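Two complexes come next, and they have one chain in common, subunit A, joined by subunit B in the first and subunit C in the second.
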Partner chain A sequence: MVPVDQYLWLSLALFTIGVIGVLTRRNVIIILMSIELILNAVNINLVAFSHMFGSVDGQVFAIFVITDAAAEAAVGLGIILAFFRNRETLLADEMDMLKW
Partner chain B sequence: MVLNSILFYFFAALAVVSAILMVTRRNVVHGAVYLITTLLATAGVFLLLQAEFLFIVQVILYVGGIMVLFIFVIMLVNLDVSLLQYQFNRQRFVAGALALALGAQIFLAIKMGQKSLFPPLHVPDISPKNTEAVADALFGHYMLPFEIASILLLVAMIGAVVMAKRRV
Partner chain C sequence: MNAQPFFLDHIWLIPMFPLITAAVMLFYGRRLSNNIVSWLCSGSVFVSFIFSVGAFFQTVAKPSSERVATKVLFEWIPAVPYHMLDGRIAKFIADWGFQIDPLSCVMILIVTGVGFLIHIYSTGYMAHEGGYYRFFGYLNLFMFSMLMLVLANNLLLLFVGWEGVGTCSYLLIGFYFHKKSASDAGKKAFIVNRVGDAGFLLGIFLTSALLGTIRFTDIGPALAAGGFAIGDPRITAIALLFFVGATGKSAQIPLYVWLPDAMEGPTPVSALIHAATMVTAGVYMVTRTNAIYQLSPKAMGLVALVGAVTALFAASMGVVQNDIKKVLAYSTISQLGYMFLACGVGAFTAGIFHLMTHAFFKGLLFLAAGSVIHAVSGEQDMRKMGALSKKIPITYWTMLIAALAIAGIFPFAGFISKDLILGKAYEKDAVLWAIGYFTAGMTAFYMFRLIFMTFHGTSRVDHEAEHHIHESPKSMLVPLVILAALSIIGGWISWPEIFGGNSHFINFLSPVVAVPHEARMEPLKGPSSRLGELYLMLLSEGLVILGILFAWYLYVKRTDLPEKIAKGFGGFYRLVYNKYYVDQLYDAMFVNRAKDLGLALGAFDRNVIDGVGVNGAGWLTLFISKVSIWWDTWIVDGSVRLGARIVWLFSYPVRLIQDGLVQSYMLLIVLGLIGFFGYYFYVAHHAIR
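Entry: the complex of A and B
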């Protein structure tokens, strides 16, 4: 039986990699994919604790997190498409049209 | 039980390695494929945690739905120029250090709380009723959040259609 803290370490590693991806990459699609990675790390935590307490509440929360991830991906990719049509770029540091 | 541990470390190593590759690759399509590998490895971890329903949801919804959406958009907007540009922004060293500091904080938090973790309470060897239990919780106690989630999905669908339309 794998102890619960092993799952927490795995989740921590994925979360940190995701945060590094969000903060350092320039490509917006990679940033969105890193956000998916962060949400996935949260799901591992939720399911591990659900297993530890022997109840399914954590799994229900993980389903809600997946729903949020789907909604976020759909809207985010729509925004990327709309922006790409106007500016022909995918780089986050060139998205400065609101900057005075 | 030994097989359980071996499988867990295999899936964990696969998830972490492909996550690192996802963040560092230059080509976005390669990044998407590595993210799919990470998500499938996570689905394996869910299976080891006896969350069979979530395993199926992860494979069908994440890998089959969200990642296909990502790959579609990548193919719509992919620029050959972007392969020649710098992939990391100017504040990358500060940002990386801050992210590692955040990771170290969470590391300390888990270390401090490690004593209060306990082995699973009552675990049957196989759980044939996982889907039934999830459905009971979802449509019983969590009915209102479930309905709110459906409204969220409706709003996201309308938002995505409006954003992707050429002329509103």
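Entry: the complex of A and C
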């Protein structure tokens, strides 16, 4: 049986990669993908603890998160598509109109 | 009060009939046809005439001492107590009251009688004029005012009529208001009359202050009760103030200048207002207040002198006029002078008698002149007439009768009344008589100059107008004929005693002028003998005939002479021809000074009132508002903006955080989380230890 702390290390690694991706990459699609990484890091945590406690609650939550991620990806891609039609760019540092 | 006979009790109706039709004309006249207008207006005057005749006969029916009837309709100005000059308290009462006595009887008969004839004449004369209803409306309004004037039982109501006739005179002189000269003449008449009216009004004030009454029937007793001596200066002052009013209304020196200009009005107006009725109001007023005049020999003397001088002065101007109506206008002034001469020498009744005969023949002269003007297509210059006697015979004969009457040929009406005046003047003062006598000669001369220039000699009518010469319609000729008859027989009602007459008219009037108290003027100097009276008459007849012959010689026989004479008297002729430059003198002395005053006041208004006052206030408001704007901009708004600026200053560094880059926000969240968890773990770590 794999001890739960290893899952957590994996989750932490995925989460960190995701956060760094979100913070450093310019392309919004990659940022979106990085967010998926973060979400999946959470999923691993949920499943790991579910397994550890012998309860399915965490797995149910993981299913919810996956569903949510799918919805979020759809909405996020829709926004990106609409934005691209207007500004012909996908670079996050050029999306700076929403300021003072 | 005992019940009066019908016509005397309803005397107040006489002015009302024309008033009603005048109101109808002025409010609804535009919608009425000329025919209805003629019937209504002439009809109302005719009804007034019937009532006047009735009133006359019912007055005559009474004994001569009781021939005063009054009818008070209502109290006009209720009794107002006031202090008289001598400190006593009197009550000022002015009734809407009417008084009928022999004097008013005569006046209403003249006014309604002659007025009716002139209305009839006007239906013909004005038939083709615009504003037909307006003309008749004014004419009836005039009839109302004039009847109020002669029927009033107090000075104030008389003044109402007095002003009313003045207004109507103004309206009718300016009837052709689109003509500048006509509207100017109307204004001149009105303004000159105001000068006289101011005097009259002051006289009324002084009367009520001195006598405590303005009712005619009370003035005599008040004079007696007041114990005024003959020649009392206060009485003289009243008399002179009244006379100032009379000179304005009756066109005497110095206020006669408006009457010649008044000829701008339609000819029936000249006949009715400026010959027969209104201009005689002054004579009527002096006669009506004779009780006051009889106490003041000085005022009487002035009246006589002004009358005589006016008669001569106006006659001299009449001699050189070429406008047919202007000649008649100066003649009217001259004849009014005679009437005042009569009043001035104490022969008030003779003055009224001449007033009546003058109304007949001068009314006729004007109407005939109107007929002539009608015939020659509106031409008024006698130099462009001549030889009309065959073409318009009825006009010619009636006008000739009127001329004979005014010249004073025996036995026409003018002879009897004029010689009565001259006889009275001679008894009083030979100089006054001489002036009147000489004027009679001039009158005969200029009247027949008019007749000869218009009807005899060779025709000088414009070729164009020559074809259109025609006798006037019947509506114009009938009044001419009636007035011609009156001009002949009108004087006979007071046939002189030396010809076996009995002076009915004079005796009828004499109660009015009887002095009701002890104060009497000294009797006239030495009653002239019958023979003397006859001599005077023959003398004046001689001069009159001489005048006529002279006119015939100059204007029929030797038509080249008048021009030569005019040249021979170059300077003097020009002086008279230009009316002694009196108009220019008045212009220079009063009119232009009044204009200067107006201009000065206008300049004051523009520079001081408008400049300093209005514009100054405007400038001040502007200045204050500019200060206010400055305050508002820099202090009020400034403080608001300063607050905003301070907020902005502090918010500036903070808002730099919001750079719009989603990743920088994310970074901050991450840093925040790290900080938060860092702190959390740090605290937790220490807590565990």
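Observations
Operating definition for what follows: the second predicted complex is superposed on the first by the 98 of 100 C-alpha atoms of A that agree within 3 Å, B and C clash if a C-alpha of one lies under 4 Å from a C-alpha of the other, contacts with A are read in each partner's own complex, and residues count from 1 in each chain.
In this section, contacts are C-beta pairs under 8 Å (C-beta built on N, C-alpha and C of every residue); 3 or more make two chains touch, one makes a residue touch a chain.
Quick caveat, the model's predicted, so the values are computed rather than measured.
Once the two complexes are laid over each other on the shared chain, residue contacts for A:93 go to subunit B and to subunit C alike. By the touch criterion defined above, A:66 lies against subunit B but remains apart from subunit C after alignment on the C-alpha atoms of chain A.
Of the two partner chains placed by superposition, only subunit B is touched by A:15; subunit C is not. When the two complexes are superposed, the chain touching more residues of subunit A, out of subunit B and subunit C, is B.
Contact with subunit B, but none with subunit C, is seen for A:53 once the two complexes are overlaid on the shared chain. Once both structures are placed on chain A, subunit A residues 19, 23-24, 92-93 are touched by subunit B and, in the other complex, by subunit C.
Partner subunit A is touched in their complex by these residues of subunit C: 655, 658-663, 666-667, 670.
Residues 1-10, 12-21, 23-27, 29-30, 32-34, 36-37, 40, 43-44, 47-48, 50-54, 56-57, 59-60, 62-64, 66-75, 77-82, 84-85, 88, 90-93 of subunit A are the ones that touch subunit B when the two sit in their complex. Residues 1, 4-5, 8, 12, 15-16, 19-20, 22-23, 28, 31-32, 35, 38-39, 42, 45-46, 48-51, 53-54, 57-58, 61-62, 65-66, 69-70, 73-74, 76-77, 79, 82, 85-92, 95-96, 98-100, 102-103, 106-107, 110, 114, 117-123, 130, 133-134, 136-138, 142, 145, 149, 152-153, 155-157, 159-164, 166 of subunit B touch subunit A in their complex. Within the complex formed with subunit C, the residues of subunit A that make contact are 19, 22-24, 31, 92-93, 95-100.
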